[in-house]
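Shared chain: subunit A. Partners: subunit B in the first complex, subunit C in the second.
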Partner chain A sequence: MSSDSAADPARALRLPPPCPHLVAYRSGAGAGLRSLYRCLRRRPPLGRPEVRRDPGEVPRCGSCRDGGARLYACLACAVVSCSLHAPDHAAARPGHEIAVDVDRAELFCAACRDQVYDPDFDAAVVIALTSLITPRAPPTQLGNRAKRPRRVEYRPWAPDEPERAVIGQRSSPLLVQEGNASSSSTITTVNSTANATTTSCATSSAPLPWGLRGLNNLGNTCFMNSVLQALLHTPLLRNYFLSDRHNHIVCQQKSRKKTSAKERSNGRDATGGLQICLACDLDAMYSAVFSGDRKPYSPARFLYSWWLYASNLANYQQHDAHEFFICMLDGIHEKEQDPFKPPSHVSSGECCIAHRVFSGTLRSDVTCTICGFTSTTYDPCVDISLDMDSKEGPQKTNGSKHQINGNETKSASMNQKPGTSTLMECLERFTRPEKLGADQKLFCQHCQVRQESLKQMSIRKIPLVTCFHIKRFEHSSMRKMSRKVDQYLHFPFSLDLGPYLSSSILRARYGNRVLVSDGDDSDASLESLSNLELFAVVTHNGKLDAGHYLTYLRLNSQWYRCDDAWITHVSESMVRSSQAYMLFYVQKILYYKASGNAIIS
Partner chain B sequence: MSQMSALNDGSLSPLSQRASRCFDNLLESIIVDVASECHRIARLGLDRNLEEEEEELRLSAQARVADPGSSGESNSKNVIDIFGQTHPAIASETFDCMNCGRPVTAGRFAPHLEKCMGKGRKARTKVTRSSTIARNRHSRGSPVTVYAPYSNATNSSRVSNGTTRTAGEEYGDFTFEES
Partner chain C sequence: MRASINRPPTPNPDEEPEKELSVQEIINIKLIESGEKEKLMELLRERLIECGWRDEMKALCRAYARKKGRNNVTVDDLVQVITPKGRATVPDSVKAELLQRIRSFLTSVPLEAL
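Take a look at the complex of A and B:
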């Protein structure tokens, strides 16, 4: 059977069992289905595969001479029949049940009157498709799998004897607050209906989640607070800092030694001042936020460091939360890199904790529309920015179509309000093949000249935490104006990125044939890896220059709203109806790979 | 189809019949194209879990009915948070500025820091005409430098909840109180 499924059962397509006629045909003496690739042709360059014995052939039904919408060529005797006469052909001749749809290159069982599937035939189609584009060898299925790192069983950490001694001597237990005495009180608000659906704390006796702490607004800093709340509760990032992987005391000592040594050698006195390290300030913030103290924390030190780092953004002005997010990751990346290890490229994602958590890989395919040659590039990304659909919702066009009947019928599909869109739609648009304009001709290696091209994006590697940035702020330098798109965007709490992976996109490009491998596929092809769970939503309300950011966090299956210093418990529906600006999803299942050290990374 | 010519007995002419059959073939071809693709997707288990997606959309639509125009900003400022605390609109915690050492109110730290660090449009150099204005205001002679702490300043025109102020407001906007 297919080597694909043998190597990795989790990834194999669910092939239906062949019908008895197909089984009989396969076991018969007929020529292998694979060799059919010789009869497969393709309307150049990007058309679908057809079955033609010679290029100029115009198939017709042997019985009625009709051109027909569906023509089937019998695999046993090559007689062509239309859909009307194909069953007769099969009934009269045992062994002649299996035919091929000449225009669609699909197998058909005339006895079962159904489309049937065979991996060898699909392989033939794929071979034909790839060799017609370029005189290259078809993609190999084996060999590249050896690169995949070995998976290991997760072993939860428990302290050993010496570690327990350290814990006993050098730590003090944090004060555990047993829930909250006033949790049963109703939340009093000016506008009570806004919180009418919220319940008071989940269960008044259960302790409130660790790390839940308000952040004081220092003056137009809600953009910073909202992203910080999301990062403080990003599972892997939180674990990293709380397990002291970046110790700000040690880091500062090291930097001070480095700087003072340098300055002493220059003949100057050591300043003794603190070195800028955003990771250090973040570490201090984690300690403060998870300390159990529930009074709102002022990230003043952090703001100061950030302004020193990003001097172009250092002013008392509202900023873009997404811009801040990117800047923060850069800041951590700069300071986090281990000077003793060889510098890893960002694309591997191993350079720092920020990239290890957020960095994924995007694949970009550019196809020449003249010859069909495709060139592929991979780029690392720390987030995925999605455009909102600027057009009106689908409901409006549907309405006019239905008026033919005289009465307006509701569309059978999901009843969306006009002007809404969904995250899935944005992703579909993101991975749709896009025809580049005539002014954007790209160089084709095959044609050796610039040609009009098709571009298609897909996700090659899903990061551990995926951040979707919804492009609500449009800046038009042409018209010198900016505007905000207020349109509601639906986003799911559980998301399957499977259809947007490179492996899926590629498979679809080859007509979803059973045997397709993109050569060097990654771990992301496994189904379970593409299932994500939402844990944080950064929302924006208000106008472009006078708006407010806040964050919804999911902790212990409860949702909390983090509005600067105010943390409140909210219902799921409040989160669903919010205006999402940044969405944070984490992989439902995490895999640990074997590393060189005993410590599992 | 409106160009079909009818014979006397109401049936179509042979030409029209052929045209009609041609159209039928085209239509069937298009339908079978889609059907064939979908059949493959369904049989090979590639179709997405549409029930889950529809469920999510339904929950979303329900949520929007229950909370239209939710996440209202200023509404939530008068609440008691889940820890039973209330907070003033402008954060009142005070700490020392790490740049100049002066005590600052948290809610006004950013504007203070902007001037203190010399960022922003107006706070460039130590000697500005603002310091002259400030000196003239406090004719009683109490020393006021350009970097007067904001904690004593009342500024009713400003809301620090994420609304943007125009960069570089004049010192003239503030009324200084005697500390």
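Take a look at the complex of A and C:
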């Protein structure tokens, strides 16, 4: 459609200019196009708009009695014509050029023989469709930040005299390493793929990016190492900790004061006076990893704290990386809660850095298939879990050329392409309206009874960093077992979540009409905020109960493979062919591309 | 300008004797009356989206519009271009399923008119 909407900050669809017949109609019409909502109604179950008709009435062309495909009802005299005879009707009667498609509620100009667009008519469609839908979601669900936060212009910062003095006094410069000259370095720049490309050769002499440091495996802890590597290089999280926003010394002092003031009735003081704070251990890790020392780091302190926090997972067995990720975010959230500040809702991200970075909002619409009433709920989320298509890829229709000779060979009609799917397909499936089965009837407030419903998900607010979790396991209720899905998933390095936003999904639901008057003006609808860049991929190899996690990190436009203590520079194609389990994307405006000065990463 | 002036004369009921309706038309009316046609349409839509047919057609339309130039394309053009391709590429499984549904509908509804 209108691909030049990038210039339009409100992302509204720009209408093509009206044809002269439409202009003439608009200036002449008595009642106006907007009042046509009385002639429209929604057709259950999906609520498509159509022209009102008596039940059982079959609209037919006035000239040829054809009841089939596209029928147009003249706006001036209500005569129905098929696409063949509509131009005759228009030619015979001036002023009768504009008609409406009876099944699709789209305007048509019979003289120009083409579809035309009008905002008043689109408004009529929306009015007709939304008469049964609740007007707006209660704003209190999103906490006290219902207002759009003000956007400030980006202004680059440079220190002034007193600030420069402070920087000079209170910091020690980190030494820049020349290539891999350091003998204790475990980072190799050997290209692990078969064909050495020129780009990798060129960067083998460039200084390695900061923060690249192996993590020792402490006993089946690759699930932890892989997620930690991704988090260590999550732009906002890294900046937060490196700018000392959570200082572990200060935090420990504060909590020690708190426990000595309170009575020691808390069972957790078995740690001997030190409070568990995952953020403190993370802070220590950031300092160690970004110190410039390239020897592999052992996150033992962090592991110990995490065991104390998640005692049910405190063992040397293999665990799920995603489970660890969620657990860790919860751990950071718990400790950051300040009892003196008013509790803020998780989706606003005001509670802790974990939610500030990862928290987004999902919108779920449940529509009754009988009456069309839709109820909407907003839920905060820290990641998006996507199903993989358990069948072997979407069925392609390429095999149908066998139809010509009339033979239906079994192989042709199967039409299944083995094992590829893409992230976009998973997202499309995620936001597709899903018919809930007859055994899952939900209560409809309008019908006051349980009815079969349609559920549709969409993304209301994109988090600053989006984590996609690919559900690579399927349960077979028949065989009563679960297995891992090894199917290859293609994922892009740059992703536009625009079509999966609530605003886009709503607009599509109304047939791409101009107005989406649902009171839903999320600031995520700004074009720039829906473009994301990939920066980390956590991959898994192996079976459901035993396998190995790796992380691929994108720094300075180069890819590095982090396999516990071993870090290697790899090519893009290696990353693309890996089996993605968790994908980390950051909003493009926050993404640091390689700058000319490779020292600053 | 009064709307009644432009309205054509209401069709005379004598002009459409029932016995002129073909079997196909009778079945169509029965399908619509019982609401089955609506269900079949939705089922067909679902299946065609699932198997990627709709996306293929969309891609064809886009390619055609790009080739002809965005402002030189009309709905009629597009329909003319993609209808044959569209009809040919509907998967057999979808056709079979819908035929089955129609068949079972026909056996379940008494057709006194026939």
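The criterion applied here is as follows: the second predicted complex is superposed on the first by the 467 of 601 C-alpha atoms of A that agree within 3 Å, B and C clash if a C-alpha of one lies under 4 Å from a C-alpha of the other, contacts with A are read in each partner's own complex, and residues count from 1 in each chain.
Going forward, a residue touches a chain if its C-beta (ideal position, glycine included) is under 8 Å from a C-beta of that chain, and two chains touch if they have at least 3 such contacts.
None of these values were measured; they are calculated from a predicted model.
Between subunit B and subunit C, it is B that contacts the larger number of residues in subunit A. In the superposition on chain A, A:Pro499 makes contact with subunit B only, while subunit C stays out of contact range.
Once the two complexes are overlaid on the shared chain, A:Gln115 sits against subunit B and subunit C alike.
Using the contact criterion defined above for the overlaid structures, shared-chain residue A:Arg70 touches subunit B and also reaches subunit C.
Of the two partner chains placed by superposition, A:Val250 touches none, neither subunit B nor subunit C.
Looking at the shared chain after the overlay, A:Met574 reaches subunit B, while subunit C stays out of its contact range.
Contacts of A:Val449 after superposition: neither subunit B nor subunit C is touched.
In the superposed model, A:Ala78 lies in contact with subunit C only, and not with subunit B.
Once the two complexes are laid over each other on the shared chain, residue contacts for A:Arg43 go to subunit C alone; subunit B is not touched. On subunit A, the patch touched by subunit B and the patch touched by subunit C overlap at residues 16, 67, 70, 115, 415.
Those residues of subunit B whose C-beta lies close enough to touch subunit A in the complex are 24-29, 32-33, 36-37, 39-41, 43-46, 48-49, 52-54, 56-64, 66-68, 70-73, 75-85, 87, 90-91, 93, 95, 97-99, 104, 106-111, 113-114, 117, 119-120, 160-165, 167. Looking at the complex, you find that subunit A touches subunit C at residues 16, 28, 30, 43-46, 55-56, 58, 62, 67, 70, 76-79, 83, 93, 95-96, 108, 112-115, 394-397, 400-401, 403, 408, 413, 415, 432, 435.
Per the touch definition, subunit A reaches subunit B in the complex via residues 13-16, 67-70, 101, 103-104, 106, 115, 117, 180-183, 185, 187-191, 194-195, 197, 201, 208, 212, 214, 216-223, 294-296, 298, 300-301, 303-304, 307, 311, 314-318, 414-417, 422, 424, 488, 490, 492-494, 496, 498-499, 504, 507, 511-512, 514, 539, 541-542, 545-550, 560-561, 563-569, 572-579. Taken together, the subunit C residues at the contact with subunit A in this complex read 1, 3, 6-8, 25, 28-29, 32-33, 38, 42, 45-46, 49-53, 56, 71, 74-76, 79, 88-93.
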